[in-house]
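Two complexes, one shared chain (chain A), two partners (chain B, chain C).
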Partner chain A sequence: MNGPAPSKIVLHLYVAGRSPRAERAIATLRRLCERELARYECDLVIIDVLADPQQAEARKILATPTLIKEFPEPPRRIIGDLGVPPEELLAALNLPYDGL
Partner chain B sequence: MATDVSVIERLPTGIPGFDHIANGGLPRGRTTLVSGTAGSAKTVFASQFLAAGVQLGEAGVFVTFEESPAALRRNMLGFGWNIAEWEEQGRWAFVDASPQADDELMIMGAYDLSALLARIEHAVRRVGATRVSMDSLGAIFNRLADTRVVRNELFRIVTSLKSMGLTAVITAERTHEYGDIGRYGVEEFVTDDVVILRNLLEEEKRRRTVEILKFRGTSHQKGGFPFTVIPGQGIVVIPLSAIELKQRSSNVRISSGSPELDRMCGGGFFRDSIILVSGATGTGKTLMSTTFMASGALRGERSLLFAFEESRDQLARNAIGWGVDFEQMEQDGLLRVVCNYPEVTGLEDQLISIQDEILRFRPQRVAIDSLSALERVSTIKGFREFVIGLTSFIKHQEMAGLYTSTTPTLLGGTSITEAHISTITDSIILLRYVELFGEMRRGLTVLKMRGSAHDKDIREFSIDGTGMHIGRPFRNISGILSGQFTHVAPSEIERLSALFRDEDNPLLPEG
Partner chain C sequence: MDDSLRYPTDDFQLREIVAANADGIIVVDSDGLVRFLNPAAAEILGRRVDDLIGQIFGFPVLRGERAEIDLLHPDGASQVAEMRVVDTEWDGTPAQLISLRDITEHRRAQQALRDAEAFNWAILNSLTVHLAVLDANGMIIAVNESWCDFARANGDPELRYTGVGVNYFTVCQHAMGLDSEEGTITLDGMRAVLEGRLASFELEYPCHAPHEERWFVLRVVPLRGTRPGLVVSHTNVTEHRRLSEAAAEARMLRARLSEFERELRDVDVRSRERSQNKRPLAGGVLRQRLPDVFRHALTFYKQLLEESLRHRAQPDYAIEQDPRELGEYLGNHDATARDVIEVHLASVRAASANAPQVKQQAYLEEGRLLVLELMGHLASYYRARLMTLLNEPGSPVSEQR
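Entry: the complex of A and B
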C-alpha cells in the first residue's frame, strides 16, 4: 500500500436481483467491512442492475456480480461472487490488510 | 424445437441487394449469426442493419464488444449514417460493452452476464427498438476467460431477444474463409440463421461475397453473391443469379443510326435490348456506338456513354470526324459521357457507379465502350457476374444498351468477352477486317437478332467523314469470320445459290 492509509473506502457492488451468487458476494463484502476494514469508514453500496440498468450502463457493467472499488483511486473492478480468502480480495482491491 | 408450420415472416433489412438474395429479408424475430474473417465488413453489416432500419423508421440497439461507440460513430459517418443524431432522436442506442481502458478487470468466483442483458433490455425499451446488433462475439470471449459461461450467457441473451420479438444480428469471427462457422462454438447457440461474409483473394484481386448459409425453415438464394462496400452507402449486394428474368420485352424498334443496318436487323434494334458489337481494333466499334447515340439525339432521346478506353477529348474529336457533335449534344442535355479507367476500382464498384449514373441521367440509350477494357481488371467469374448484373439492370430500365467488345486478333477470332456474354445479349453485330485482292476492307454482319428476322449477309462496311456506310455483300469471298479467307469463283457462287435458293427464302425469323 502506497502513501497514507485511506480513511474512507467506497465499494459498489452490482448484482442481478437476489441470486445466491449476489448473496454470497454481499455477505463476503459485509464481513470484509466489519472485520478486515473495521478501521475505515466503509461505504458499501449494492446496486441491483435489474432495477437500475441505467447505473449499470453508466459504469458499463457486463457481468454480475461486479465489484468496483470507487475510492480510493484508482478504481478496481472485480467480477465474480468473491469466493476467495479476504487477504486475496484486499490485495486485488489494492487495500491494506491488517490481519486479525 | 417444434417446427413452425406458419410462414416465417421476414424483416427487410434495407441493405441494398441483400433482401433480394434473402428472399425478402432476415427471419423476423430471430437472431442471425453473421460470420466472417477479419476485414470482411462484419461491423459494417451490423451497423447497416440498424442504420437501414432507422431510415425505415425502426429504432435499433447496437451492442458493441469491440470498438467504442465513439469510434463507431466516427467510422460509420463515412457511409452517411449520422449515429450521434439518431441517438439524440432516440432512434439508436449503444450498449457499450467494449473494453474500458481505466478499469483493470479481475475475475474472482462465479459470475453471469445479467448486467449486460439488463442493459440491452433497458436500451431496447428506452428507444422502442425492433432491431439489435451485437458486434462482435470474439471480443467478449477473449476478455472473459470462461468460454462455457460466456456461451451459456449469450444463449440466454439470444433467448431473451427472441422473447422480446426482436430481430437481431450477431457477428462472429472465423479464422478461415472456409471451414468452421465461427470460433468459440458460437454456432451452438445461434444455429437457425447463418450468413457468411467473405473477403477472398482470387487471382490477386479482392472479391467480397456474402452467402446465406441457412435460414431454418425458410428459403433464400443459394451460393455466394458479390458485394461491395462503398462510401456514402455501405454494403451493396449484387444479386446477379438471383435476378429474375421478368423484364418486359418490347416490340418497339429504335434506329441504330444507319438505315441500312436497321434494314439488316429487320427494322432496327429493339428498344429494350442489348446489342453486342464485336470487332478488332479500328473496325468501327466506337463509330457504331457514336452513330447509335447520335441517332437517339436526333429523336430527342438521351444517351449515356461509358468510355473505358478513350478520353472525352479523343471521343469528341473522333465524333466530329464522323459528323457528330458531342459538345452540342451534351449542351442540349442529350448526352452524358462518363470516362474512367477501369483500373481505378473493382468491377463491383464500377457496376454500382454505372447504375447510379443511369438512374440519375435516365437515358434511353446506354453505350459501353468497351467491355473488353473491363475484362482486364477482373477475374473471369467476376466479369461474367458484372455483365449479367449490368445487362439485367439495363433491361429493367427498359432502355437499349450497346456494348462494344474488342477481339484480340485482327483477323477473325472471338474474345473472352463474347464467349461469356453472347448468350445474354439480344443482338450481336460482328465487324471484321476482310482482305480483298491485296486490300483491307471492313465487313459487317448481324450474327444474332433475338426475336426478329435479320439479314445473314456479310456486307462491306466503310467509314468516311459522314460516318458509317454499309455496302454490298461480299459474294466472292468466304472464311471472313474465321479470318481464313478464300476467294470463290463467280461460277461457284451461282451454283451454291441455285442449291439453296436463298433469294426465295429470305429473312426467316430465328427461334
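Entry: the complex of A and C
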C-alpha cells in the first residue's frame, strides 16, 4: 500500500449464518487482526445476512463471505473463502504487510 | 487441424457461446466491478443483467481453484454456488473471469445422504449387540457404539486391538491362541461365510469378568451389498443361558418330584392299608391347608439356605439347622413333595430378590442341593412312619406276614 500507515482499520465481514464456511472466514480474519495487523487498531465487524438482510441489500451484497475494508478509504470489497496466505489477503485489501 | 475449426472465428460467436452457457459467467475488474455477465449468472444471482453491470461484486480471493459461496437473492433466499476463477483481460486491462455453478441441489442431496447415513448409524448404535463390519481381508471397517463400549470396558480403552483398521482375523488368532481348536474353528467359520460355503457361523464362548460369569455368542454373516465382507456380532447370552439352566433345573426338579410322588403314594397306600381311619396324604396344598405351617417351613428353609451359603463362603462355619428336622416337621403335617418344591421355589425367589447376580446363582445352586436333601428326609420320614405302622401289634399288614 502506498502512503502513510493507517491509524485505524475497519473490516466488515458479511456471512450467511454460522456455517463451517463462515466460521473459517471469521477465524482467518481474527487471526489476521491479532497477528499481521496487531500494531493497528483493527475493528472487525461480523454481519450475518440471514439475521440482517436489510443491511446486506443496502450494501448490495451479492454473495457471502464478502469482506469490505471500509477504512482506510477507498473501500475495497473482496469475495471468496479468503483462505490465501496473509500477505496475499492484505494485498487484496490494499493493506500494508509488515512481513511480521 | 485448422485453428478456425477449433476456436470461434469472431467475438460475436464467442459471446453467443458464453451467453448459452448454463454456468454463470462474470467478468470483474481489479476493483471487483462487474464488467460482463451472461444470463445464467444474472439468473443464479436472482437479478437482471442490466442491474448488475457496473455493480460491485467483489474481487475474488480464494485458496485454490474453487470455493463455495452463498449467493443472496433480493428476496432473502440464498443458493450455494461453486466459484471458479481465472485471470483474464477485459478491454485491455487485467480482469478476473468468474464462473458460478449452482450446487444447491447437490448439497441438499449430500445432506440427505448424510442424514440417511446418520439415521442408519443411529439404528446400529441403538442395538445392544456388539457389531463390527469386516472387509474381505478381515480388516474392521466399521463398528457400532456397543462394540466400542464393550471394548473400552474390557481392556481395550483406545480400541487399539478391536477398533476400525485392525485385522480381526489376526485378533481372533491371538485371542484364542494360534493353535487352539477354537481359534481354528472360528477362522475357518469366518472364511467359509466369506466364500459362501456357509450362510452363517455361530460359536458360543465364555468371556468371564472378574466378578461375573459371562457367555457370548459370536455370529458371523456375509455383508449384503456389492462389497464382499462380513458382519460380526457378539451377543451377551449370559441371561439366556441362566434361563436355560433354570429351565433345565425345573425339569430336573419335576422329574425328582414325580419320583418322590410315586414313592409317597406308595407309602400312603400302604399306610391306609394299616388303618382305614388315617386320612390320606396330599389332601390339598400345604400353603392353603395349613398356612402357618407353610410360613414356618418357609422361614426354616430360608435359614437353611442362608447357612448353606455361609458355609460355602466359609467352610469352617458350622451349620446349626438340620434339614432333617424340617423334613420331619413337614412330614408331621402330611406335606407332599409338591409342597417341598413350593417351599423351595418361594424361598429362593424371596432370597434372590434384589440380590446381585452372583448371589442369585449361589442361591440357585445351594437350593438345588437342599431341596433334594429335604425330599430325601421327607421320604425317609414317611418310610419310617410306615415301618412303625407295620410293626405295631394288630397291624393288618404285619398280621399278613
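Here, the second predicted complex is superposed on the first by the 100 of 100 C-alpha atoms of A that agree within 3 Å, B and C clash if a C-alpha of one lies under 4 Å from a C-alpha of the other, contacts with A are read in each partner's own complex, and residues count from 1 in each chain.
Methods note: a residue touches a chain if its C-beta (ideal position, glycine included) is under 8 Å from a C-beta of that chain, and two chains touch if they have at least 3 such contacts.
Only a predicted model underlies this, so the values are computations on that prediction, with no experimental measurement involved.
Aligning the shared chain A places chain B and chain C in steric conflict. Residue contacts after overlaying the shared chain place A:82 against chain B and chain C alike. Once chain A of one complex is fitted onto chain A of the other, the partner contacts of A:34 are absent, as it touches neither chain B nor chain C.
In the superposition on chain A, A:92 makes contact with both chain B and chain C. The partner that reaches more residues of chain A, of the two candidates chain B and chain C, is B. In the superposition on chain A, A:65 contacts both chain B and chain C.
By the touch criterion defined above, A:16 lies against chain B and chain C together after alignment on the C-alpha atoms of chain A. Contact with both chain B and chain C is seen for A:53 once the two complexes are overlaid on the shared chain. After superposing the two complexes on chain A, the stretch of chain B that clashes with chain C is 112-120, out of 22-30, 112-120 or 346-354.
Chain A residues 16, 19, 21, 49-50, 53, 56-57, 60-66, 76-84, 88-89, 92 lie at the interface with chain B in one structure and with chain C in the other. By the touch criterion stated above, chain A contacts chain B in their complex at residues 14, 16-17, 19, 21, 24-25, 49-50, 53-54, 56-57, 60-66, 68, 74-84, 88-89, 92.
Only residues 95-97, 100, 102-116, 118-119, 121-123, 140, 144 of chain B touch chain A when the two sit together in their complex. On the chain A side of its complex with chain C, the touching residues are 16, 19, 21, 49-50, 53, 56-57, 60-66, 76-84, 88-89, 92. The touching residues of chain C, counted against chain A in their complex, run 31-32, 45, 47, 52, 55-64, 67-72, 74, 76, 78, 81, 83, 85.
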